[in-house]
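Presented sequentially are two complexes of subunit A, the first with subunit B as partner and the second with subunit C.
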Partner chain A sequence: MSDENIENNLNESEINLDEEDEDDELITPQELLEKIEIAWINEKSAPDILEYQGELVDLMMGQIVHMEENLQSIPSNDLRKTVHKMELERIKYIIASYLRCRLQKLEDFTQYMIEEEKKRPLNKKRLSEAELKFAEDYHESIETHFHQLALQHLPPQQDDISKRIIRPNVMGHVFVKVLKPCGTIVNTKDEEVDLSENSIHLLPYQLIAELLNKGDICLI
Partner chain B sequence: MSGQRAFNLLKTHQQSSDRLIDNFNAEDLRAVIEEIKVAFSENHQDALKFQETRDKSLFPMIGYRHALLQRNLRCTLAYLYSRLMKLKDIRWKLGPVINADIKESLTEAEIQWFNNYSRLLTNYMMSFPNGFNIMTDMKPPKSLFIEVKCLCDYGKFELENGESVALQKNSIHFLPRTECEHLIRQGILEHITN
Partner chain C sequence: MEPDELEFIGEKEMIGIIPNFNFDLIHLISGTIGPFRAGLPMHIPIWLAMHLKRQQKCRIVPPNWMEKDLLEDLKEEEKRTANFVKMPDSNFMIVSKLIFAYAAEEVADIEEIKTIIKDIFDTRQAKLRTAMDGFFVEEKTTQFDGSTQVSFTNLTTFEIHSARPFLPYALDLVARLERVCQQQQSNLNETHNSSSHFSSSYY
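So, the complex of A and B:
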């Protein structure tokens, strides 16, 4: 294998981000990694679940397979192999941690998540198919368990499932970094906050959820 | 005393935090459910009595029993739920097989739930093209190889490259992190830092 090829382990050829898009939005692996890192940190900091970055995850998984193949052909005593392998491990960690973080939220707030997801219009869904399936099955497994061990022995209509919903604290404060200037917003103390580019604020999640979804700001 | 059993159920559960999971307390659970049933039927009778007599002096007792019933129910479900969360931890730490030790502390329905949860996770991971494993890389990787100390006689452990190492108690090895991560979580190896 040529040096060049090894150096470009994160294959530098551009990847097609959006296959259905006529304009063929292209993205380099470096940009892809940066985007995933942002998505990962956002997800870790936000109390509610965010839109699933399925395309990024799929592309990155493709890259991982590609990099693993490349690594196979380098002799194991080559220093570069160690370095690249380390890089690969780090990327895998980010993806796994991102997905785990989402599952964790689904498990903690299962019923809330499912109900919210049902309310969202088709183009605003936040969960992947597999995640929704996981949440629904998980919810069912817990309800079955409750029923089997306790509820079936009780007089009917004593248990009100709606009282058991656990909700995330969407008014919890998050650290926000502004990527694109987005005017001002009014915080909980009725003060105006100027969201100028690169400024950093501590704000309740609910107030900035919409901006976060648009990608104008990110969490840190 | 009313409500005591439900409190007991949660108290003993909480106090056993040194073990992975405490024994399933079927006795208290049954007693709590029994208490709920009794409170319910007594309320039912009083409600019928009220319809006949319109005697408002029945109200405080009905209110009290209803509160007792709700509290017991809540304690029961909290107890069951908290145990499931512990089982979930066990799944992430020790893998899909529950050892006999833990199994003894569980009731049949919990074992079923555990297996079902395992299956859900697998299904989720299989939804990715190569069955991406989210159970590895639990901590940010710092190096490819790590120094580990073996805490028990595990026997032969084969590595991906075909080499095998004998994991004996108190022996120290230098192994690829990805391959021995699960053994560390299971408490067979200990990661030596510094």
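So, the complex of A and C:
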């Protein structure tokens, strides 16, 4: 394959991506990466689990596979190979860290997460199928373990599962950066906070959860 | 976030380099870079610049703001104003650190610049500490007129994370104690009705 061909191949990913994403606005790989980075940082900073960005992750994984296939045809002493590989490693790290962070939250607040997820309407689900399955399996094994270890020796009325639920602190303070101006909100001390563009605030998570979900603000 | 994760994030900033080799465009996922022409300055992400520099394939051009007079002005402005001054780069400290580590010989007056940057950082840290203090003092003297809300605007990511281990957690703790206090008071009010004890399920 000539050099030009390889370049065209590497470029092709952009076109593919646009086709896959018909119903949404067109997105370049660059924008996709930026969105994933934001999702990653938000997830790391938020006390509760956020909506799973499955579409972004799937698209990016597709990009990575595509790029890796193309790289195989490039000789290993080519600069492009090293550079692309380095970038792929960086992106993979972000995605892995994003997923790991979600799993950590599922492990920490298993029962709470499962119950909340059940309450959410179908279009507002936050966990992916695999994550929900993981949470349920994890919950089951922890319960079995507790039961075998101690709970079976307690009088049944002492074993109230609702007392064992661990909840994330949704009133925990987070640093917020405003991306689009969104008026003012009232904080816990009854003061008005002006959410002007690019301003940074420290607010309880619950107050800004809705704005975060809309993408008008991001966490830092 | 851990410091190395912050550095990871900072590494995606663009930086100027002068390559000593020729190469065509490279279509990265994060954007197209190149073409590389020996001797001609161009912009690439820092992570790549560090890699090429290590292989002695390029020289790094320090960013425009890394210049003695400009930083002096910035330092004075930072001292004059009460709020945080906007830094030339949202990852100011991280970019500086990386350049000092990898391309120290490319920066003119490096020792002075290091000192000035350290001064700016110290001034901002002091402001940040005062701001944090305000958060708690304010709690006691609730009625304050004017805007009591401390402004964090223009803080860089790095600085926010330096406040991170302490500030949000301290605020959370205060809020938690207040909640327990309220709960206990309402419990006291209804002690005669029932022997309700407050649930320990709140973390």
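Operating definition for what follows: the second predicted complex is superposed on the first by the 196 of 220 C-alpha atoms of A that agree within 3 Å, B and C clash if a C-alpha of one lies under 4 Å from a C-alpha of the other, contacts with A are read in each partner's own complex, and residues count from 1 in each chain.
The working rule: contacts are C-beta pairs under 8 Å (C-beta built on N, C-alpha and C of every residue); 3 or more make two chains touch, one makes a residue touch a chain.
Values in this document were obtained by computation on a predicted structure and should not be read as measured data.
Novice: Between subunit B and subunit C, positioned on subunit A by superposition, is the outcome a clash or a fit?
Specialist: Once both complexes are aligned on subunit A, subunit B and subunit C fit side by side.
Novice: When the two structures are overlaid on chain A, which partner does A:73 contact: first (subunit B), second (subunit C), both, or neither?
Specialist: A:73: touches no partner chain.
Novice: Output check: A:184 vs subunit B and subunit C. Expected answer is one of first, second, both, neither. What do you get?
Specialist: A:184: touches no partner chain.
Novice: Touch test for A:104: subunit B only (first), subunit C only (second), both, or neither?
Specialist: The answer is neither, since A:104 touches no partner chain.
Novice: Quick one: classify A:93 as touching subunit B (first), subunit C (second), both or neither.
Specialist: both
Novice: If you stack the two complexes on chain A, which partner ends up touching A:173: first (subunit B), second (subunit C), both, or neither?
Specialist: Second partner only, subunit C.
Novice: Per the contact definition in the header, classify A:193: touching subunit B only (first), subunit C only (second), both, or neither.
Specialist: In the superposition, A:193 contacts subunit C only.
Novice: In this superposed model, does subunit C or subunit B come into contact with more residues of subunit A?
Specialist: The partner with more contacted residues on subunit A is C.
Novice: For A:63, decide between first (touching subunit B), second (touching subunit C), both and neither.
Specialist: second
Novice: Where does A:202 make contact in the superposed view: on subunit B (first), on subunit C (second), on both, or on neither?
Specialist: A:202 sits against subunit C, while subunit B stays out of touch.
Novice: Minimum Cα separation, subunit B versus subunit C, post-superposition (Å)?
Specialist: Minimum over all C-alpha pairs of subunit B and subunit C: 6 Å.
Novice: Which subunit A residues are contacted by subunit C in one complex and by subunit B in the other?
Specialist: Touching subunit B in the first complex and subunit C in the second, residues 82, 86, 90, 93, 97, 164 of subunit A appear in both lists.
Novice: Using the touch definition up top, name the residues of subunit B that touch subunit A in the complex.
Specialist: 29, 33, 36-37, 40-41, 69-70, 73, 76-77, 80-81, 84, 88, 107, 109-110, 113, 116-117, 120-121, 123-124, 127-130, 132-134, 136-137, 139-141, 143-144, 161, 177-178
Novice: Would you mind writing out the residues of subunit A in touch with subunit C in their complex?
Specialist: The contact residues of subunit A facing subunit C are 3, 7, 10-11, 13, 29-30, 32-33, 37, 41, 44-45, 63, 67, 79-80, 82-84, 86-88, 90-91, 93, 97, 162-169, 171-175, 187-189, 191, 193, 198-202, 204, 220.
Novice: Under the definition above, what is the set of subunit C residues touching subunit A in their complex?
Specialist: 1, 5, 8-9, 23-31, 47-48, 51, 135, 138-139, 142, 147-155, 157, 160, 164, 167-168, 171-172, 175-176, 199-203
Novice: Okay, in this complex, where on subunit A does subunit B touch?
Specialist: Counting only subunit A, the residues touching subunit B are 58, 61-62, 65, 76, 82, 85-86, 89-90, 92-93, 95-97, 99-100, 103, 107, 128-131, 133-134, 137-138, 141-142, 145-146, 148-150, 153-155, 158-159, 164.
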